[in-house]
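Each chain carries a letter (A, B and C) given by its place in the written order, and its residues are counted from 1.
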Amino acid sequence: MVIGGGIAGIQASLDLADKGIPVHLVEKSPSIGGRMAQLDKTFPTNDCSICILAPKMADCFGHPNINVMTYSEVKEVSGKAGDFTVKILKKSRFVDETKCTGCCECIEKCPTKVPNEWEQNLGVRRAIYIPFMQAVPRVVTIDRDVCRKLTEDKCGVCAKVCKREAIDYEMKDQEGEINVSAIVVATGYDLWDPSVAPEYGYGKYPNVFTAMEYERMINAAGPTGGHIKRRSDGEHPKKMAFIQCVGSRNPQMGHPYCCAVCCMFSVKESMLAREHYDDIESTIFYKDLRTCSKNFYEYTERARNDYGVRTINSDGTVKENPENKNPIVVYDVGGRPVEEEFDIVVLASTLIPRKDAADMAKMLGIKADEWGFYTSPDRVMNPGETNVSGIFVAGYCAGPADIPESVAQGSGVAAKAFEVLAGSER
Amino acid sequence: MENDKSNEELRVGVFVCHCGTNIGGFVDVPSVAEYAKTLPGVVFAMDNLYTCAEDGLAAIKNAIKEHKLNRVVVASCTPRTHAPLFQATVEEAGLNKYLFTFVNIREHCSWVHMKEKEKATEKARDLVRMGVARVKLLSPQEEPRIPVEKSALVIGGGVAGMTAAHSLAKMGFPVHLVEKEKELGGFVRNLNNLYVTTKDATETIMPLIEKVKSHPNIKVYLNSKVSNVHGFIGNFDVKIKPNDKDEEVEHKVGSIIVATGAIEYTKEALYGYNVYKNVVTLTEFEIMCKNKTLPKVKNVAFIQCAGSRGQDVSYCSRICCNVAIKNAINIVDNYDNLLGIAEQTGKAVEEVPVEPKAPTEVLERRRRRSSRGRGREDEEVAEEVKRGPGERIEVTIFNRDIMSYGIAHELYFNKAREKRVRFVRYKPDRRPEVIMDGDKLMIKYFHETLAVEREMPVDLVILSTPLIAQPDAEDISRLLKVPCGQDGFFLEAHVKLRPVDFATDGVFVCGTARGPADITESIEQAEAAASRAATPLAAGYVQAEAIMAHVDQEICSGCGTCIDVCPYGAITKNEEGLAEVVAAACKGCGCCGASCPENAISMTNYTDEQLMAEALAALKEAI
Amino acid sequence: MAEDFEPKIVGFLCNWCSYAGADLCGVSRYQYPTNIRVVRVMCSTRISPHMVLRILREGADGVILGGCHIGDCHYISGNYYTERRFEMMEKMIELAGLEPERIRLEWVSASEGERFSKVVSDFVSQIKKLGPSPVRNKPEVAKKLEGAENASKSFRMKALVSKEYNLLTKENVYEEMLDPERLRNLIEQAANDEYERSLILTLTQDKSLSVKDLSKIIDVPTDRVLEHIVALRQKNLIAMEHPDGFTPTYHAIIIGGE
């Protein structure tokens, strides 16, 4: 069983399934893909994230050995390596997955609009929705908290427009039990909300964005159709600032660690800005520019030299020019504070374990560090193993990792899980 | 590639889908189906509300049986998501899945021409005609299954190679592990302790070495190299040759993992390296710690990015910041102890002489020298260096950015700062300089914050030079037909999604052979490579898609153009010097087909004729 | 040109990026004109120049090729070759007297749905501006295109174009990289030669022609025509006749059934 259908979980599932092992992939959200599906381009090659991910998602979903359970959660785990019993809650979508063709006609007709969390609340979605166009499986889901039919027994329009009669307001959550030999946890990360740190002005000043908001904005399929727009007036910015280590490497904020991907994604985002608009100037404020994987340093040099990205080694905090709503970054030059006005500011806010990571750890009996990342008892020589034999961890939930590392870890734990299975055969 | 149904009468069935109103709302679907019936070869056509729904699929199966269809066209949504479903359906009805063609009248028609129903309908008709033109030229294909030799070869016996071998062995596959040195362990044997822990390096990997040596599935070849490799995924013939003998052993293996590691970069006169005494590299320093051959010091300086990040090599070596921090903490915390032991055993040195040698050789020399007794005495320097007991050693790390990524490293970095290790940043246009002022080693540097030039005396300078590719990486690259990147390290198939695969199927890479990485990362990659390598072994066969190149040996002149252009090395020359496609390796891109100067290559399921028929049908009513 | 001219356009899209981009375009309901008919190929590298030339000869008003962005090709390096071949196609089309703007190569990623609609709209209006393909009413253009088609199939052209990328990026056995300028010239020269020779063969298939006739039709000086004829005769592809005693004429030797 694999818990979490991000890139790490997908890779682990595919690797096991290709070896002939039946895999149950349990994903909490309505679609597999994880965070990577939200990103626009990816460092260090700037190739489009969904383009390279979508075929993997489709492979995973269509694989004869993989049973993909989306909109599902693990509720209880008992047993031991070679023989775990897992209780799974399959939440009701109120839509029959086998009937829905993903035509999305119902969505257009649904009158209820709520902020779209997939788009980092930059856009709206309906109560019946598909998280993103390339979602796998491509079926809609009704948000039970806001649907008028389910909350007030009014409306019901989606059932009327659906010619496939896929919509079923009576559909119930289902519980089931599955027996598995090994468990891979790959639940990824959450985004830290920088509004708790007032010095960055997020949530207070409209033109301060988080990096994930920015990723969605610059994505051609995102809420602004790939245009970077100021929240205050919709204008496209000419001068942008990126502030690194927002909340990370910062014991006061409770995250003394380095999130290991922010430097690179900010460099990437500053380059993408330039690819979209010739006239954008970007500045990155950093503590250390951690560009230490294959081709990463060369990538930053390219950003500096070919894309005219300015890098300034300093912390930055944000104020606002109340007249034009321009954010002002206060930084440090030779010990003296300097102020500079920008059109927008993008915060590389830190990444944290999933909200329910601690519950998951408790349920599985695996250990986590003080922040909630799952740990291995022998960190150096046995990464990916946990204190419970037969349970393995991969991807960001086991500590900061970028996509290639998450993929390698996904494959790596597949090897470990396969070792368990091969061992038990004999 | 005989078309065994070629004599049979063509009986095409066309299924046009409304997709609810998605197509039906913008295209006159029934008229398209009616039109399809008029096309030569079409014996059956119908429209469906939802072709992909259970009833729609049943309708296809029925029609195949009832109307003896031998070709099927579905006009609906996109093949990228739905082709497998319909292919499976026609197969269930006993039709080869390659006799099916998909026509996209939703994404490519109804959804993009929502305001022009008439023109959209006309386009849909054209598209159906194109599909029919194509389907008539298709022939049934078998997907070749190529059996796989269920064993693996691992090249390199460092942590990465050992981990990969051990993992495969545990999965039950025989592994041949080839190491060119006399011992397993690789680079870690040079190291003192490992960062983030205080564990002794060799001790840490000892259990792994033991497990590898004793595992019945692993055969270790020490002091040996791979001398020859032939074949393709599932079927490699490899030859292993001991370094000191001429007899080769031959094996057949299904997968190959490259884990040949990396070495440390050194350069004469880089920051006084090999020009001044007491200038050493990180590795040399680790060896000195390990062997307790340390000099007395009071001021130590590390220079980070020595030779890397654009100075000599372009990349960042990832691990050296954290290795430097580790050693800085060791020096501050534990130097007296280490030196004490060194002095007791008579190994301590007064100074580290100028001596340009590879790490292990340096080690040997130094050991011999110290056992011969002390070198030259230099009273004055010795005076300088004397510290009172308990007096701290000042450690300065000259750096550009400290790459203590992730959790543990960052905390370690903080610990170093707490221990008052000094971190001084420099810019590449103003690097620090190592100079000799009379007899004193000095570092001249520019203090960025204060914007002043400074000098400080040092007793030992440690250069954090990058890892570089093995000098013989090129040989392996040629042997296995796998590429090395510009930085000299092996180049993976896809930077993000295939980090341990080579583009060539059946060959994988892990550890520092792929690029700088620490032990944990090398092990993660090794496990990943083991998983990837085990996939064909576990399945027992590789299944090639039938979309693949085929060389007509009658026409081929053996010019080799196709061999050059194929990105997967899937074409080889046979004994007659003519080109031959290795089915298991070909991915069906068609590059060779478009390149072959003799037009000898055809692509199954995408032949020139099929593509042309489809394209030309767009232009003309008649087919 | 007539206002209501609706061009016929054939598109070849690679499965992994440009076809996926076109799919996303549909999913997002970006509208574009109905003139394009798409043929799906696994990779843009599959498309041989002669195929495009043939389609133009058969009366298409335009052909558009779509691939992944450079560096993103699913098959690693396929689209580099596409780029090279495309240059050759343009050259050939120009030689045949057609506007090179009738063909276009675009990189469209799987997330550029909107861009796909723009690319198609733009190409359609470009073709509308050019007007209907002259092939439709000028048979000699078709003949010339046929010459170009055959030239693009010739050993020399295919070998050169296929090797161009490798010659430019990898060292040859002498460990030197070819000067790109020199190589371009070489290819340009070869394209001219091959085109003219193929055209001579195409033209002399139906009836014998003299050097002068040929020179006039192809618009090439007589000495060059003669050079070609010598080359073709060496390969035994063309035969000489002396119909009225002194002005020799030539006709193509047709080998085999076709």
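Everything that follows uses one rule, which is that a contact is a pair of C-beta atoms (placed from the backbone, for glycine too) under 8 Å apart; a residue touches a chain by one contact, two chains touch by 3 or more.
This one's a predicted model, so the numbers in the text were calculated from it and none came from an experiment.
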item	value
Graph class of chain-chain contacts, one of line, ring, star, complete, other	complete
Taking each chain's C-alpha mean as its centre, the one farthest from subunit A	C
Inter-chain centre distance, subunit A versus subunit B - centres from mean C-alpha coordinates, in Å	24
Centre-of-Cα separation between subunit C and subunit B, whole angstrom	37
Between subunit C and subunit A, distance of the C-alpha-averaged centres to the nearest whole Å	45
Residue list for subunit A, restricted to those that touch at least two other chains	45, 47
Where subunit B touches two or more other chains, by residue	80
Residues of subunit C engaged with two or more neighbouring chains	20, 27
Subunit A partner contacts - residues on subunit B that touch it in the complex	19-22, 49-50, 52-54, 80-81, 84, 159, 167, 170-172, 194, 196-197, 199, 204-205, 207-208, 309-310, 314-318, 321, 401-411, 414, 425, 449-451, 485, 487, 489, 494-500, 514-516, 519-521, 523-532, 534-535, 538-539
Touching residues (chain side subunit A, partner subunit B) in the complex	7, 11, 15, 18-20, 42, 44-45, 47, 52-53, 56, 58, 62, 98-99, 101, 103, 105, 138, 163-164, 249, 251, 256-258, 260, 286, 288-298, 301, 313, 334-335, 369, 371, 373, 379-384, 399-400, 403-405, 407-416, 418-419, 422-423, 425-426
Complex interface listing, subunit B residues touching subunit C	78-80, 104, 106-109, 111-116, 119-120, 122-123, 126-127, 130, 493, 503, 547, 559, 561, 564-565, 567-568, 587-591, 593-599, 603, 606, 608, 611-612, 614-616, 618-620
Interface residues, subunit A side, partner subunit C - complex	40, 45, 47-51, 54-55, 133-134, 219-221, 225-226
Contacting residues of subunit C [partner subunit A, same complex]	16-17, 20, 24, 27-28, 68-69, 71-72, 109-115
